[in-house]
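One structure is given below, encoded as structure tokens.
Here the chain labels run A, B, C and D in written order, and each chain numbers its own residues starting at 1.
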Amino acid sequence: MQRIALIGAGFIGAVHAKSLAANPDVDFRYVYDVDLARAETLAVSHGAAAVSSLAQVFDASQVDAVLIASSTNKHAEHLRLAADAGIAALCEKPIDLDLERARETVAYVEASGIAAMVDFNRRFDRDYAEVKRIVDAGEVGDVELLQLSSRGPSMPPLEYIAVSGGQMRDQTVHFFDLATWITGLDAVAVSATGSALAEPRVADYGDVDTSIATVRLANGALVQIDSIRRSGYGYDERIEVFGSEGLVEAKRHRAGQVARYGSGTVTESGMHAGWFERVQPTYAAALAEFVGALEDGRSPSPSLREALRAQAVAEAATRSLASGREEPVLS
Amino acid sequence: MQRIALIGAGFIGAVHAKSLAANPDVDFRYVYDVDLARAETLAVSHGAAAVSSLAQVFDASQVDAVLIASSTNKHAEHLRLAADAGIAALCEKPIDLDLERARETVAYVEASGIAAMVDFNRRFDRDYAEVKRIVDAGEVGDVELLQLSSRGPSMPPLEYIAVSGGQMRDQTVHFFDLATWITGLDAVAVSATGSALAEPRVADYGDVDTSIATVRLANGALVQIDSIRRSGYGYDERIEVFGSEGLVEAKRHRAGQVARYGSGTVTESGMHAGWFERVQPTYAAALAEFVGALEDGRSPSPSLREALRAQAVAEAATRSLASGREEPVLS
Amino acid sequence: MQRIALIGAGFIGAVHAKSLAANPDVDFRYVYDVDLARAETLAVSHGAAAVSSLAQVFDASQVDAVLIASSTNKHAEHLRLAADAGIAALCEKPIDLDLERARETVAYVEASGIAAMVDFNRRFDRDYAEVKRIVDAGEVGDVELLQLSSRGPSMPPLEYIAVSGGQMRDQTVHFFDLATWITGLDAVAVSATGSALAEPRVADYGDVDTSIATVRLANGALVQIDSIRRSGYGYDERIEVFGSEGLVEAKRHRAGQVARYGSGTVTESGMHAGWFERVQPTYAAALAEFVGALEDGRSPSPSLREALRAQAVAEAATRSLASGREEPVLS
Amino acid sequence: MQRIALIGAGFIGAVHAKSLAANPDVDFRYVYDVDLARAETLAVSHGAAAVSSLAQVFDASQVDAVLIASSTNKHAEHLRLAADAGIAALCEKPIDLDLERARETVAYVEASGIAAMVDFNRRFDRDYAEVKRIVDAGEVGDVELLQLSSRGPSMPPLEYIAVSGGQMRDQTVHFFDLATWITGLDAVAVSATGSALAEPRVADYGDVDTSIATVRLANGALVQIDSIRRSGYGYDERIEVFGSEGLVEAKRHRAGQVARYGSGTVTESGMHAGWFERVQPTYAAALAEFVGALEDGRSPSPSLREALRAQAVAEAATRSLASGREEPVLS
């Protein structure tokens, strides 16, 4: 049984609270938020206690692990506090939007020896995990080409764009991680191009909302990722891994399986309206991996270092958007 | 907020306990089971209290509603106790395996004026509800033919067969209900034929494991239902409603969306291994309808009387299996 | 090389003419039709000669085989002429609408020793042949249940209904044949029920346009066939064969593979508008089997006797529609 | 009625011969090939005459149009002969592997005023034409991103690679054409990257067998094309067009619609084994457009100039493979 404190009681904090309450190996202790009332509301509905100071959270006599769902600019600080206290940490991505600061944080946390994991939750999607299993088993042979689509339903507000770090760091990074995780291959170079088509004002922030990134992996295999902020038709992800012995595909998900046959057309259930509906089960699964690793004394995965690698690809892709040429991935 | 007690802490009771704990309009009070230890285990993990007597359950000063998940032969008795206490009831199907006793129970409960609902949970499946919405909206025109498949993954034990009431009353009854609910039409006659192919010893119980029932609805439309106890390939349901203006289909569900392309074949994700994986979300949705109706002062649906109608079709189908001819539905 | 004469230059005759002209093992000699001008038009566009007398057609010094695509009431007569002349015959179904006369014709033709085949073209559909291969290979184990749907796009004219022999003999008969051919099992009894829903005047002819037939096979397996004259959404066929080791399905065909993703729905390509578009490739394949058998000295299949068996099931189903009970198949 | 001569009696010439013989508006006159015996075999089986000199082919008193299916290095010469003779021409792609020589040829042919068309047959695929119709109708709004996959089943022989002009000019060019044709937008720049993964010796020819090309269209929309020489699982093409109002997809084609449901997996029909099986109907459709345009006095499309534009994109993509940077499309 792991005693866990949750930092952050916003939307994603509430998602984690539900998983924490439902996990049989978790003793859900505390909820901390800069807004104490918000922490209390969340705590009370899941049998935990709200706390008003980080000192209570990072008290190793009461807490075995923290789940860091604070605002992005606090992740690094909270990771360091966990390292100092000798408390395990499961942290929302990114470690820090600044790659150099992220690197320093990872080095600091690794030196402390605590168990730490980044919540790249898509790795815990049933279909993506199955794709990895198939690739690992050699069923598609040597990996030669990947195709990944990442398409959100609607433009985030410009205030979000302003602090997001840009499409590569904020959205595409999940798919940089998936591509290297599924194949077990490092990214060596990346070329990215994009436009502000859904919302031209995105360009004012030096950002794009519709982009293509092409990654070259260590074995010469190629990865194609298209990232779209506003699909208009719902939340849409898919992955193909092509290899010397065949292809494996994690297909688009539909929200239902209803088909209406009319003259000339068949109208079927559409996509999920939003990302949360699509990826919801992955949060509990990621938490289960973290808790299971703590229980077993294993290192949980994805580690901070793995997250750093995905971030380094996003960094190179961001440079490529500006330079218009292929950029090496500097890890 | 509805104060609810759960009767029955077996497999399906545990499913209901989870829904009760998660429903924001429910104050989950008690768990009762003939095995008190089992009740306690379930109660403690969901913040409820175990009780050892039915008097505590049927105490209207403490409880607004009961969820009856006791063994089949106790349903009628527990419904009558709810009626006597003036407590609302959500009851697992069937009301009673004996149609006459079920009729008497419904009359008794209706006379009491309590809100009562039978947990025909498939009505709350997202896809089936969508099919009904489409049919109700007239999008397929006048209903002319339905096709429903009900296929369980593996033979239940013979001890279960012995007390199940037979395939029509136990398995097909859900689909008799779906057919009449979706179309809003009464069943007038039914013809059934079957064989004991998966397990020949099923015939020793006067039962079948592979059957076809053909129902004639009030408007002359025809309904085809195939029921299979052991599919071997997982849990499989599908529904088609054909009308004068087109067809609507609720397709088979696959457990995932992964496809492997090889030479000559594509291997895709299979069906769900069991019924529970397929219908799991319907339990919470059925509970939400029940609780919502209580909160709003509406009559919850499906009512006991609706359940009785489906049971009458199952009864006629059971007679037809024996007589070899079409039998009228006597309601 | 087989010298072949075609009898009948109507719609289906024109289909056969095209296959005859394209088949490299066929020397397409003659076209005969009671309307000589029609015969000439068809002959000239395929490099054959029109002939005005049946004596020219049934001249074994010039012709090795005939393809009988005359009107239904002439099939038996033309089969007998082929038998008398010692010329092989490929005949459109049915042999004769009257079962007794069909039986006599088959006996007569068999006595002559000519090679003869009935054009049950659906057997030559790529998908149905694949289903049979899978069933024959034992990949679904022992056959336990079949489901077949036969749905035409629109009501035929009442004049056609009047001479069709009824839905069972005219439409469902193809699926009686498919069910027994795929499984290799004889039909022992059949129960049918139907309504005149698409066109109530169909009832004036003692016929139905929407029906369900349930066939019992020799091993106790059950077959469910729904037949619909007017789908409204295009031509629709599908087959499922369920066995002790799994299920094999020949899915509905769509006319294309285009999908439009919009908010809430995906609109996909519809069904083929008509039966011909769906089954077109089967005609050339059936002809190839006939010609190949002649070239190799094999007996072509489906034989007249096999067609007779399907007709006997249709006859029993027609009786069942009237009697309201299961009827034995008398072969 | 158009009198047509065919130049070239190889594999693709034989495909065209079949279409020419079947088209009711074509009087199929001559077959010419450097190998006269091969021309004779093809001619005789389709009711045409073999000729041994190009003078007979380019005789405007006998021939209205030529179908140029000669070897690639002869296309330009045969187009010029058609221009000189005032005979219409339908020419296999490419006009000439050398872009400059292709440009000169187009100018020469245009100056002559003959009707001329390049056989970009994929434009006549039912699904791709439907996609274009949907895009033209504005149903996906403004085009923002395209994804096209082009995957052949197996490595062509190295002798073919040696004279192919490289993957961009030989394979991807069809998809450069489709992307600009469907969207009605010009390509302005292209970036390509690739590897020799299926056959490392391809690198000896300065070529790749697995590549990604990213095209920027005039409105800022992005196009992603992955080209694979050896899929190993069959012939695989798909297209997605994403716009401001939704997505339209021309899905992969399967060779059949058979599904086997087993425990844990469903095995479905695979892809077509080869490209010809997949695109076969497009040849007759392209010919019908050419002949129809001649009959109506319209200019047939795709014109030589349209083909030149696709070739210019392929040229820029070929430069990009070498330079490692985005290259402008010089038209």
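Operating definition for what follows: a residue touches a chain if its C-beta (ideal position, glycine included) is under 8 Å from a C-beta of that chain, and two chains touch if they have at least 3 such contacts.
Model, not experiment: these values are computed from the prediction.
Common neighbours of chain C and chain D (chains touching each): A, B. Of the two chain pairs shown, A-D and A-B, the one joined by more C-beta contacts is A-D.
Chain centres here are Cα averages; for chain A and chain C they lie 57 Å apart. Note on chain placement: the centre of chain A and the centre of chain B lie 39 Å apart, centres being C-alpha means.
Touching two or more other chains at once are residues 231-233, 236, 245-247, 261-263, 269 of chain A. Across the interface of their complex, chain B is touched by residues 24, 47, 126-127, 130-131, 134, 139-140, 245-253, 255-263, 269 of chain A. Chain D makes touch with chain A in their complex at residues 141-142, 144-145, 147, 149, 151, 191, 193-195, 197-198, 210-212, 214, 216, 220-222, 224, 226, 228, 231-233, 236, 242, 244-247, 324-326. Those residues of chain B whose C-beta lies close enough to touch chain D in the complex are 231-234, 236, 254, 261-271, 273.
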